[in-house]
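In the two assemblies presented below, subunit A is common to both, partnered first by subunit B and then by subunit C.
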Partner chain A sequence: MKWYQTSKPAVLLIPALLFLLLIVYSLVMAFAESIRSPEGWTWAYYGELFMQRRLIESLGYSLSITFVSVFLSVLIGWAVVRWFYSFIDEPGGKWLVWIPMLFPHFVWGYFVLLLLGQSGLISSFFYQAGWLSSREAFPVLTQDAYGVGIIITYLWKEIPFVILMLLPAYLQLPKQYGEVIAVLGGGRKEWFKTVEWPWVQPVIVEITLILTAFIFTAYEVPALLGISYPQMTAVLAYDWFYGAAWEERSYAFGLLCLIAFILGAIALLSFALMNRRRWLLSKSSHQY
Partner chain B sequence: MSRPFIEVDHVSKQFKKNDVFSNLSFSLKEGEVLSLVGPSGTGKSTLLRCLAGIEAFTSGEVLIEGNSILQTAAKDRPIGMVFQQALLFPHLTILENVTYGLRLHTAKREAVIEGLKYLKLVGLEDYKNEYPHALSGGQQQRVSLVRALILKPKLLLLDEPFSSLDPELRRELRGWVKELLRKENTTSIFVTHDREEAMLLGDRVAVLAEGVIQQQGRPKEVYDHPVNRLVARLYSDAFVLDHDSYCLTEHLEWLSEKQEGYECFQAEWVNDTYQHGQRYAHIRLSGDQGRYVIPVPRDQSVNTDQTGFIGVPLAFIKRFE
Partner chain C sequence: MKKRMFAMAGVVFLAGCNMTNGDQQEQELSDLTWDEITAEAEGDTVRLYMWGGDEGINRYIDDYAIPALKEAYDVTLERIPLDTNEIIQKLETEKRAGQDDGTIDIIWMNGENFKRAKENELLYGPITDQLPAFEEFYDTESLDFAYDFGTETEGYEAPWGKVQFVFHYDSSKIDEPPSNLEELSAWIQENPGRFTYPAADDFTGNAFLRHILYGTASSVDTLLEEPFSEEFAAGESAGMWVYLNEIESNLWRGGETYPGTLEELDRLYSQGEVWMTMGYNEARAESLVADGIFPDTTKAFVLEDPGSIGNTHFLSIPYNSPSKEAALTAINFFLTPEAQLAKLDPQYWGENTPIDPSKLDGDNLAGFEELDRGATVLSQEALLESFVPEVDAAYVPWIEDEWINEVVSD
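Right, the complex of A and B next:
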């Protein structure tokens, strides 16, 4: 029993560590597959990867969709929390935010397709109402070249996520510092600069990282709402993985390994840069 | 006669239609320290918050050098405030904390020079690049005081700044604060529920209870001549005989039987303690009508739990005025 008491934290970590082991194993195996050829170990696939025009187009398409989705999700979610957090903290407000969170991305994507497609509910309604001459006159919002449908689906799903992530940060802002700032001669600008931003920034960075990693590498939504060319990277990797050509499977592994490495490096760097300030903020003497 | 430096005139504060305090009036001369003493929940902190502009008075007027300040936003009032907690910004260095207010109106270079001067004044210049968590509670409160003082406010409000510190640190810090306020000639209102602190820091004291200022005056004057039962209980060491009269406990005696020349109250000797060589008896009035501490001769022999009388010498009975 005594052993259990002293080793309790380590014991409780075991499931998480086992799960992590699975991820590390997958990464190592994927990397191994990306540098293995019938002739032995090689970096050739990485070299050839960027010669693929399909990939270059895909990266541009994925990056732009990811950037727009993440930027707008964070911006809108942040604005909603900033101005309405006391309402969202009420049960009614929380439910409103929670509803889109309850549905998987794929279901929500399908819902967007049914709603905003040219033969969807809205276009049908407009057509029936006589506002459209034909359903085809409805703008192409899904399975379009600019990824509008994908972006709408992500915004619909991720804005509530941003709100729910930021809500605790806003509820726990040390409001006493607002009084300190006021008696020292500061106003809203100083409150934002000295308190709000330092307290909220780590959460915003975390949300941005999570959303970027998720949107850039997710398969279901772009597979459902995207077009056949260009494709988002995850869809391309899937095609390569199940394609007829053997070397394309190695491209898929190489591409995903590269993405994992870049996102992992950005995450590590961000945490390293933010850790000191986070630690300092945790030493605050304010009382909630 | 010249106008007072600070005039607080019939200020009231209501919260949800209940009076927090009403019709408070007092004034301060330049450089004067007023101790505001009273039990918890009587609106002392609320009064300071209203003066600082963090909350609004329901009615009344506040003048500084003859000018009304109530229409001025908190950030523009010439008033500084030190809170119960030091509330230093945890992610700013000590120097950045000290110069925070100054930096809003002054160039960085001048602010830093001034900040270093003040840090030196309070013996904390070696900590200028440290973060607040590296300082003790007392040191943090000093920095907090300097952060307010550096702005040279016309009125400094101190809201129980020592309440979160241990007793030894409190004793050390209050002498230091008094000295600093005097050196800077800062007009201040010091809120406390500790009457010893109120006496030590205040040139004058005001006793706030039940939402009104019960009495104000020089510390000894209020101590020796409480005007009512509340002041007698909260600020003075007085034995209250009835609604109209009292006797300072220093004149009380422990009597084993009733004597002439005394008004006697049956009581029980609970215990005795010593302080600075003086023996004090802890007495409980019969019927549990209150406990008193009275000075007694060291050689007076009494057993614990012995019943006897608190003797109030008739010559020392005074009337509340």
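Right, the complex of A and C next:
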């Protein structure tokens, strides 16, 4: 019993550690596959990876879609929380935000396809109502060259996520600092600079990281709403993995390992920086 | 050293799965008589992994084969829908991980997937000489069964069906369908946005591209006779890329994107966005029309020049199938005239049979001859007249890659 008392945290961590073990194991195996060729160990796949125009264009396409989706999600989500957080905290508001969260990305992607496609619900309705001369006159919003359909789906799904992540931070804002600032003659600018931003910044960085990692590597939505070329990286990796050519399987592993490594490094770096800031905050703040 | 460490990790991790010894079982199996095999199969479960994108095919398995097999042999059949290349990948991964007790009992495939499975020794066999139905009702010497897209089958797969590639069109919108590539190109020009084809990594899309290759190469015969090499293929395909790039701007969405799968093309067709669809099964529109997915005015056509590619598709057993006896029993059942006749029925699959009619007795033969395949199916003469065989399986992945470079990436 005493042993259990003293090592309780370790015991409670076991399930998480086992789960992590599985992930580390698959990462190691995937890496091994990416540097193994029939002739032995080789880095050739990584070198060849960047000679492929298909990959270069895919990276550019993925990065821009990821950037736009994350930037807009965070911006809009943040704005909504900032100005409406008292409303969202009420049951009605909470439900409104929760509904898109209940559906998986794939279902939501399909919903967007059926709603916004050229033969979708909205275009059919406009056509029936006589507002469109033909259904083809409806703008191409899904499976389009600029990834509009993908971005719409992600915004629809991620803005609620941003709101729900930021809501607790805003509800717990130390309001008494506002009075201090007012007494010292500061305005809204000082309030934002000294209280609000330091308070929400760690959460925003965390959300940005989660969304970037997720959107950059997710498969379903771009597979459903993307175009044949260029493809987002996850779709390309999937094609390589399941394609008929044997050696392309190693490209898929190489590509995914590379992405995992880069995202992992960014995450570690920002957590290291964040923790320092959190530590400073905890040293300087008061009880409330 | 490193290599050994990884191997060790794999072995330790998967040790729990290696319970039975595959080799021993195989030796025993080939010594058994057919009665012993079916007796052994009783009460077993067979997992059939197959492409699941066609409702008629799925219904044939679910509504006909599963109950019939249960009743005749007490074998439980499970249909697991998965794209064929993913099935092969799964099997390859199992082999890499040393998992001798697998999860797949039967695979439905042909062409480049069979080539890959055979080259990587993923299959159990030979199996055809153990199947009484194959010996009795099929022309065992036929070249259609000895070669699969140019790969020698050597008994590792049993013929399940025979199909031909056809186009389907909405006759309320098109009076006269095109009959060769020039007419198709002209039609596309006159009706911008009304035609497209699935991407090259889709089974049907790739088959469509092979038709273009046949029609634009120097001659179909040299294409079929000459062994595959990249230089030869590059020379023969020059006309194909010109043709595809020419029609591209008048395709659906101006060729900016292509349907990723046949299902997606069918959806576009059923919603009237495009006016033609296609498929590697001359009878597949029958059940889609009956279900109201395709318009009633759907009709079929083939391109008389370069013709309509046809092939045989097969059933195989993976090397690590946990119940090979039951798998053999099920495959034998699928090859019997009864199961083949039900497969030909348009309310299910509607697909042609590889059976040799001269080996059928009166009752069985009459059943095949009397069956009406339905209004959307072309006559047997029209199909036979346009029939052309498949090219080497190596063209399939080659077209897949080159299509990305030559057509979609610019």
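By definition in this document, the second predicted complex is superposed on the first by the 282 of 288 C-alpha atoms of A that agree within 3 Å, B and C clash if a C-alpha of one lies under 4 Å from a C-alpha of the other, contacts with A are read in each partner's own complex, and residues count from 1 in each chain.
Convention: a contact is a pair of C-beta atoms (placed from the backbone, for glycine too) under 8 Å apart; a residue touches a chain by one contact, two chains touch by 3 or more.
Because the structure is a prediction, the values reported are computed rather than measured.
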After the superposition on A, what does A:L102 contact: first (subunit B), second (subunit C), both or neither? neither
Check whether A:A10 is in contact with subunit B, with subunit C, with both or with neither, and answer first, second, both or neither. neither
Just checking: does A:G186 make contact with subunit B only, subunit C only, both, or neither of them? Give me first, second, both or neither. first
With both complexes superposed on chain A, which partner does A:T194 reach: first (subunit B), second (subunit C), both or neither? first
Have a look at where A:Q176 lands relative to subunit B and subunit C in the superposition and call it first, second, both or neither. first
State the interface residues of subunit A toward subunit C in the complex, per the touch definition above. 25, 28-29, 32, 41, 53-54, 57, 118-119, 135-136, 140, 143-145, 223, 226-230, 239, 241-246
Quick one: which bits of subunit C touch subunit A in the complex? Just the residue numbers, please. 2-3, 6, 9-10, 13, 83, 85-86, 89, 112-113, 116, 193, 199, 201, 253, 256-258, 260, 268, 271-273, 396-397, 400-401, 404-405, 408-409
How about subunit A: which of its residues touch subunit B in the complex? 176-177, 179-187, 190, 194-195, 198, 277, 280-287
List the residues on subunit B that touch subunit A in their complex, please. 49, 52-54, 73-77, 79-81, 83, 85-92, 100-101, 104-105, 131-133, 140, 147-148, 151
